[in-house]
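Labels run A, B and C following the written order; every chain starts at residue 1.
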Amino acid sequence: MITKEEIMEIVENYDQDNLSIATVCSHSSLQIFYGARQEGFRTIGICVKEPPRFYDAFPLAKPDEFIVVDSYKEIPTILDELRTKNAIIIPHGSFVEYMGGEVFAELPIPTFGNRAVLEWESDREMEREWLEGAGIEMPKLVKPQEIDGPVMVKYHGAKGGRGFFVAKNYEEFQEHIDPNEKFTIQEFIVGTRYYLHFFYSPLREEGYKLSTGILEMLSMDRRVESNADEIFRLGSPKELEEADIIPTYVVTGNVPLVARESLLPKIFNLGERVVEQSLELFGGMIGPFCLETVVTDKLEIKVFEISARIVAGTNIYLAGSPYSDLIEPNLSTGKRIAQEIKLATSMGQLDKILS
Amino acid sequence: MITKEEIMEIVENYDQDNLSIATVCSHSSLQIFYGARQEGFRTIGICVKEPPRFYDAFPLAKPDEFIVVDSYKEIPTILDELRTKNAIIIPHGSFVEYMGGEVFAELPIPTFGNRAVLEWESDREMEREWLEGAGIEMPKLVKPQEIDGPVMVKYHGAKGGRGFFVAKNYEEFQEHIDPNEKFTIQEFIVGTRYYLHFFYSPLREEGYKLSTGILEMLSMDRRVESNADEIFRLGSPKELEEADIIPTYVVTGNVPLVARESLLPKIFNLGERVVEQSLELFGGMIGPFCLETVVTDKLEIKVFEISARIVAGTNIYLAGSPYSDLIEPNLSTGKRIAQEIKLATSMGQLDKILS
Amino acid sequence: MITKEEIMEIVENYDQDNLSIATVCSHSSLQIFYGARQEGFRTIGICVKEPPRFYDAFPLAKPDEFIVVDSYKEIPTILDELRTKNAIIIPHGSFVEYMGGEVFAELPIPTFGNRAVLEWESDREMEREWLEGAGIEMPKLVKPQEIDGPVMVKYHGAKGGRGFFVAKNYEEFQEHIDPNEKFTIQEFIVGTRYYLHFFYSPLREEGYKLSTGILEMLSMDRRVESNADEIFRLGSPKELEEADIIPTYVVTGNVPLVARESLLPKIFNLGERVVEQSLELFGGMIGPFCLETVVTDKLEIKVFEISARIVAGTNIYLAGSPYSDLIEPNLSTGKRIAQEIKLATSMGQLDKILS
């Protein structure tokens, strides 16, 4: 990974009164550009082949300018231009996926957040080490012979919501498993899923205090998954199977929701543990992150995954959420990111939030 | 259908500085009146027997005055009064349904949008000609012997969410079909449903440009259907059938959601094709319309129906949506309609948006 | 129950220009405090052991001060302090549950709303007498031998979403019932659930008029229930049963939605009947209440329960709902409560809204 020193050398050559905010035109870019504009930043959209026309339909989110590349693989060739424009990159899921984590880690361009999180998050075992090390309960990994309840089975190389199946017990597991494929088995936590949108600020002082900085919880969403969400109109899992119709879990969108207020202490405790552990392990996970959880009927919260950057579920809330409105009316995660960059600039502490 | 010339003759006798906006008190009328008020229009509610009392509970949406009829069939008798008040009618689904399409088409009163759309939309075959002619993928119509996957079967005369059934395959189709009834069979697209709320403006120049005018996407919703949405708590389709409990699909409300940002280019492309084709076929579909779609797990979008006017799903968003807020904070479809009328008036081009 | 006279004696000793609003830190307290602040009230959070840290994360909702007790049972010991601070208690579900209804009924401290509602609401038979006396349709109670369709069976002592089961018919009932337990059987209404959030004001004069005062409908929600909401990904009820997985109905959160506009007259009629009957039976149910309903595919609305105070479903809407925005932009139930107290104070009629 590129070092903090190398990045800060670039930043020192920036005109810090004229920073711009850049990201790839996808995922949560409308929100990021909108938020950046609200805080007075110039915005740059990085896009493939030509500027997506849909931005014309959303004038308040349209970036001030576009930089066009032939493919996302070409992003390393536009870094000079980005640096000339004093650009800070806001990474999102598609950005990282399109570039590849390894290329992204090395890009000599200031990036919001700590890129060291990437290796901890992208490797299943390190992710588990991080979260369980923080004292967080995750769905257990089980061996075939240990199955004693519902499980989620994931074939290696499963991607984007396919290559999974659920089994209610060992018999069903055996019926379904393709023994020629590699797989992992995870306890299936029965409950309702909540995707919790946090923000860790190493700079703000007022708020829910951590060992250093503060923790915010800006919103939460539930994902809309195709075809799993509506397939039950056709038949139960077993009935579908007999008809050779296979459930898939491809995210197509997001729905807003709120959690029982009595869950908030647990929710903040989860966020707190994850951040504190990240501070110890790799210097901290800066800015927005998402805990992907299941709330059981005993009101326990299990975490099955972490995303260490802005997630698309925050797109529902670009004019505020029932939580962020209690920090500042109409606050979105995109706006919050821009505020953090502004604050760091005014404090002369961009090194605390960039990598 | 009444001619544009006849309508414009009425409009020319209007006091265009004192237009009022009128609609039938149902469906999306709160939103329409609220939006009209926000833009400074006088509002008129057309109601049966007596003004619905619930308007008293929503002072910002209560029309300035009511015109009472004995039944919606009597609307033709109040046109003189409406014309005296310089009224422009905003049609919505219930308005058209209550009056009957043929009566509606002939009403000598200025109506927002192009009434020519009605025949294209209300006839299943013409609707398919329009949409498929625009290069849009719809669920295929299939013959019984061609069934090779899930299908939706609709008896002729099915109405309001009843008289349908789904079958996972040919065997199930055969088990269920009543051969004494007429029916059509349509491929059942497995995925998640999105109702996309567009607005076509022939007048605005800045935005997502079409051959003439611009396209906006203001919001999207998912419908709440009774009893299909919650019936699965009782049993799977097969188990319900054995207990003689029949799934129905009656819309009782709407839920907000957003789509993956990477779907937006496809979404706008769909809207664009539909409008361009409408311009060719019948002079254009003006103002709000809705594409009723399913997003598959391959992230394809199939369109199963079009509504060529404001839909009730927009009612969720009368203080703005995660999309419309990027055009103008707190913009609703109702407000957008009023803005278009205001713009047309100021440009002296009411003929472009009325029929 | 403590008498109105005793309460008003306390209130007369209050400095009415410096009232404060107090509640227990849970359930809907963020909303209550936020709304109270918006209307200029000082706020007091009653909490166990120590102030919940999560309030630090929501500065606009953090109470001005906390009063710490060892357990909610100790609340009676802090009444002096509360009275010194001119506090009015806003009761919510957790407040009443934690204290116990009988203790709550006797607390010598001014409480928003009419505490007489408690006995009518907490006793299933009196609740039914009240609602059915108001001409409202509830799910029928049935005897085992009368079962002729889907039923919901509830064991006595069932609590918090457990100890229920649904059966599609008599056979299933017989298969499942534990004859050694006491139970009640209720018709299972097939449809979609709407939790309707009303507000009855005995003081406002403009609005949806009742025999005295006015009725508002501020919002509606649907509950997120664990594990019932997502368990169907594993199997149908029957398939789950064979795997010994039991559906439970524990509320973990809430989702926003709107209802068909044509349902509004029925919705207001239900609210109206309930309030009018409460005026007759026990002097009226003041302030927020919630009707828990099912809308069938015939667009009938059945009420299965009433909550006679603010419900947690309103937490979604602390910056306004598609309904409350038509009364006043950004109006929440929490803010509405504070407005009512302010209005009563200015009218010198606190006796009308406190007990």
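Convention: a contact is a pair of C-beta atoms (placed from the backbone, for glycine too) under 8 Å apart; a residue touches a chain by one contact, two chains touch by 3 or more.
Every value quoted in this text rests on a predicted model; they were computed, and no experiment measured them.
To overlay subunit A on subunit C by their CA atoms, one rotates by 120 degrees, a value rounded to a multiple of 5.
In the contact between subunit B and subunit C, the residue numbers used by both copies make up under half of all numbers at that interface.
Between subunit B and subunit C, the centres computed from C-alpha atoms are 35 Å apart. Residues of subunit B found to touch two or more other chains are 232, 236, 238-239, 255-256. Residues 149-150, 166, 168-169, 172, 188, 190-194, 206-209, 214-217, 222, 228, 232, 236-239, 247, 255-265, 267-268, 295-299, 320, 322-323, 325-329 of subunit C are the ones touching subunit B in the complex. For subunit C in complex with subunit A, the touching residues are 26-30, 34, 52-54, 56-61, 94, 161-162, 224-227, 229-236, 238-240, 243, 245, 248, 250-256, 312, 315-319.
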